[in-house]
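Have a look at the structure below, then the notes.
Labels A, B, C, D and E are assigned to the chains in the order they are written; within every chain, residues are numbered from 1.
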């Protein structure tokens, strides 16, 4: 006979303000099989948990229902409390009467009735719960880091320095990411490359790090501790082991007028190229789309001059399979391109550029060697208009959210411009200045007060060309919404920071969720900001939301710490909420008839064929078997099984069936 | 009791049915629906089929419904309250137009349900049921009543047996006290006995085997596995034969509901693989051949031995209803001819 | 019938819709209390038999909701569920069972507002349709 | 598909040539444009500032009449009327209670089946319009949309609100070369036409000057109000600018009519304040 | 017919197979299954339009399997059933061969791929009459459809003849026999009958090969084929899949396409 304890939480007043908790407790007490029913102000507090533990011991409870908040919040808390008394933790269930009841309904009888319904449902479930034993799975102590920007670099180094192997995958020919493109960094104005390149070199030389540059994740299967990743190493057209990075090929390549990605389209590069001089690895790659040989079948100049005969025109993409125990996703962000603000002339006028392009103009390694010269004619601009919030915080035409980094880098840009062009007139059009951060507000003040940047609070309506000038029409909302017209030489748009173009596809490969803007979703916005909802996959940097460098680095170190913690044990304990196939003594053996429809339904290839043989070795029947290491517990197989031979622990046929009946049979509450 | 002979005209028969209905009786009679004829509730003679050979189902559901509530229960405050079925609300029923073989089948049902402890519900229903049979003017290749002690004009089992004499006239043989009661309640509708040749109106199904000979052979045939496998190879193991059979009485007990609910008696069949499955997983009759053997043994060997009646009246329904043409007559002939 | 309060069961997956309904709660959006949730790991787990059980037990309406296509925590459980519902819904309709009583939906963990709206609209529709008396009558013995 | 026609006041008065050219073109394209029966004033421009119910009731009555007449869509060539009808349709369909109340006021029930079309949408839906072009309109033109065709963007859901393209694409089909300019949706002064002609002269002047400076030979419009300000107020504009500005302003329907080879008179070109010079022999000659 | 008997004789005489499962004249002018184990008995075999039963059902019966390799006289639906059973891991290729009587002799198909090729060349669509019956149904009102089925199901005895006759109902434990929990009410009352028939239709969705034996088996004449044909046609129109076309099939209900069409999920 079941002896169930029901524990009803007031959650301060979060529940008790709309639900009559006393009535719920009284009703629960009348449910057959309920041996104990109490309510308490904060069930999750220490004294609250003690109530549960004492009752288990004193009343000999065989199951526990905590009617409180979402199981996503405190299920582990109460299961742990149960386990401390020796009650199997899987005999504890949460009845969610807060998120699904008290918070979403008005105070009244109907709300209390519903809370009672929920409690009755979970009591019916817990009566069918079975004691389950956790599953031990081995952990492969190798981390996969996807993305070699500053976040990926930091995470790789931290994990590697903790003594674990790291496989770092970077899509581009070199690691470095957006940070390597930047000129100076706010709020210190130190040179971006000067602080980044030592880290890049450290990655290249670290004995624990295997770097796959110019490579992408093909697929990821498995689960925490036991992932199998397939990595596509795109053909560089080069034998990296032979290449010494001498650069002869890149100097001699006859196809030289290709807009370079690293210079955000402002500079030119050859068809065989290293993205930038400090690239890691410092090995070129042939851009097959532009290379004369691939286009016409003639040339092969690089092959001829290469001193080590490293060029391989017939190289194919290579798929590398690796086993890893954890994944850090650090794929970064992109800026919004295209014509979402056609009235600003971005893409139409060469002198309307984005922030990243300005970084290249201001960078000593950039196409102008650090001199601010406008792209159209190379003239040093006398007036520059910087437009903050070009697309950000604009639900009508752009995106709703704040891109977070633009206020700071726009201030930096204006400052850099003033430092480099002394007589120049910088204007910044802004909505608000968001300079929360150590030394950030001071930095913006400095731009306004010391460097004479003219900040105009207002938006611009359009930019058009007139007599060789860019006419910027806007309004100064602080001075009586006075319309303004500025004749500028260069317009810099701080276009919105958005997710990487392939983010959605990558999320689907990784089985992690993403938000409406395709940024990857953290497991909890406050308490689990570096985890995803998929165990063993962590987030670092701007792939989760726009972030500046210090934040990206901090999150990367956080993710690395999570990985290191995971790798601190050689075995991992998994919840046993997995599918199992019926087994019985002979002569039945199993009710499974071996149709294996479940096998084609399983997303994890967790269903195997098992041959049941008699003592004489004669095959009696072939039935399904679930590999407990691979099964993730989705239960899709369960719904396909006609003989109900597969069941899923924790959401078993008996449990869910009992829930449906109990939920709908209010009449039996008092019975 | 002496059988009293009277006559009744078709028009009077119609009035008789209307009278029964007026008296609140449930009248079940063969009725045509699509290409099948089956027992159904009727309120007038025009709904009743006469020209069929046999209905799909037997009339046994009048006394042994396919689902019957035995009692209801309710648990509250740790107490369980059980409520028996009220017997007086069971309907007075007239089964009209059943065949003499069907009428004879009630004796087999009575023998089973009252074998040791009398079955309250069955007995109450049976007591409220009157059988007004119609003799067979046609038989088909599946009929074999004459091999099992019955006949197309046999009176045994009927309360009243009607024989169609042509021109809208029926011979009415009143064969029981219940029949007499029925006659008395509507005496004016019946005419005097007619001098007619009943036999000439009847079908003539041939007698194919002797039931006691079959019983004798079966007694020694139990262990002849090869025989039964050969006999049953075509059988797919459904319950159609048992469910249409007028004498099959196996049932299963099911509880429905949670803390309050009903206990139900539902038809079951020995042809199902799970019929004899034990909780342990052991099944004493795992093969269809064994289940087929059980069906024949039960009807032709065990029942005569234990209850003193045959478990078969030769209606042929099981053969007609079988999806794979397991024609019982052929099998019985094979048994009679078998020499174990 | 103005006082009719329908009984609606929601079968939802743990990762998207359950979390979405949690978000509805944390956002303090209001919805009709006639709907109660039963949690499943994934829509792929939801046996069509459970929908029949819900109706047989007296539900007037059913909501089935999980992750949007491509967003399944288990990568494809919702796709399997979708196929199942395409066929099952067609069968119900063929049998004359009003499919307006079953609302299928995708509600992500971020769509707290969508959950509230879905519940309210479904409750309203079921209220208009009235009690599912035709189905609930089947619970009687119906024979003999 | 039945398409109705809502002329509104200007098509019967100050912008008769717009109506004349539209109907001439429609005839040529074999399209019937029956007028919405018993139509009334759309309420522009004053009603929505004075009485919100009236502002919705007037267009609602028009829409209900069109719907009752079985019109699947109504072509509303005047941009101001278009805006009023489009906004009303949106508001009524968003709010069922409001729809019922307004329906009660006008004693006619608009259920939302009749769509509202502007002239550019209507022309864009003509399949293979370029096949009707007999005399390509080989001019540099400034396509001027004004404010009401594309705004409010969330309601009209037509084209890019700040840099619309529909008229440019249509003019290209007629053989013209639209200039790239920034004044497509700048304000012409609109309703200040009467009360503050000085403002109109300034705003409309900027538009014309920019069009001329970029080499446009004609300004193409799709709004009677824009036309009024750019054409009829030309003396005020020229006075303020201190120079002669002779660029003609013509309706898109007139441009289309010309390209289709229809006579200028049928298109009402003679009614303009700023002369539209036509070379009868060859529309492709320098003078239009 | 003679060719069939000749072929059966040959197969048995050469011990290519141990049993030929075919048809013989039965009661009431219908044909019935015949298990021919001796060459001499082959003369009893017939094949004509009365031979309707899908004999593949016997391939799943342990007593028949024990006889050894079987040659099965196959109608088109029988062949589809063989492939479907093979796709569900229920048949070994070596355990049978199919005999397809035709106008010019008997085709002997001894491999799954031969059966696949043969089936692929047939018209496996629902017939025009079947389609028009479904259309007639679709045109009926919801209430009309409900009343129709309620009346039909009210006659269901739960004798499971449909299940027993169906070659794809080979499960050794049917859902209706699962009692922890009790998924389907055992009693043959309205609810039990509805749930039983819905469950059976769903479990055959994407698997049924439309042989029609369930309807022919039903002693009370419930037109079960309508349910199965409805689902066959839905599976085809929604997923472009047919059951019984390949021995290694893509099961239509345990696979998916990311763009499966639906218009009802909000």
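Just so it is clear, a contact is a pair of C-beta atoms (placed from the backbone, for glycine too) under 8 Å apart; a residue touches a chain by one contact, two chains touch by 3 or more.
Note that the structure is a prediction, hence the values are computed from the model and not measured.
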item: Chains touching both chain C and chain D; value: A
item: Intersection of contact partners for chain A and chain D; value: none
item: Path length in steps (a step moves to a chain that is touched) from chain D to chain E; value: 2
item: Middle chain, criterion being Cα centroid separation; value: C
item: Chain at maximum distance from chain B, centres defined as averaged CA atoms; value: D
item: Reference chain E; chain at largest CA-centroid distance; value: D
item: Which of C-E and A-C has more C-beta contact pairs; value: A-C
item: Inter-chain centre distance, chain B versus chain E - centres from mean C-alpha coordinates, in Å; value: 32
item: Where chain A and chain B are represented by their mean Cα positions, the distance between them in whole Å; value: 72
item: Rounded Å distance between chain A and chain E, as computed from the means of their C-alpha atoms; value: 50
item: Chain C, residues touching no fewer than two other chains; value: 48, 53, 70, 76, 80, 84, 141, 143
item: Overlap residues in chain A, where contacts from two or more other chains coincide; value: 601, 640, 653, 657, 661, 665
item: Shared interface positions of chain B, touching two or more other chains; value: 66-67, 264
item: Residues of chain B touching chain A in the complex; value: 74-76, 258-260, 280-283, 286
item: Touch list for chain A against partner chain D, complex; value: 339, 341-343, 348, 396-397, 461-464, 466, 471
item: Complex contacts: residues of chain A adjacent to chain C; value: 70-72, 96, 98-101, 103-106, 110-111, 113-114, 117-118, 121, 504, 508, 511, 513-516, 521, 533-534, 577, 601, 603-604, 632-636, 638-640, 648, 650-651, 653, 656-657, 659-661, 663-665
item: Contact footprint of chain A on chain E as seen in their complex; value: 88-90, 170-175, 178, 180-181, 183, 203, 250-251, 253-255
item: Residues of chain D defined as touching chain A within the complex; value: 153-154, 160-163, 180-182, 210, 213
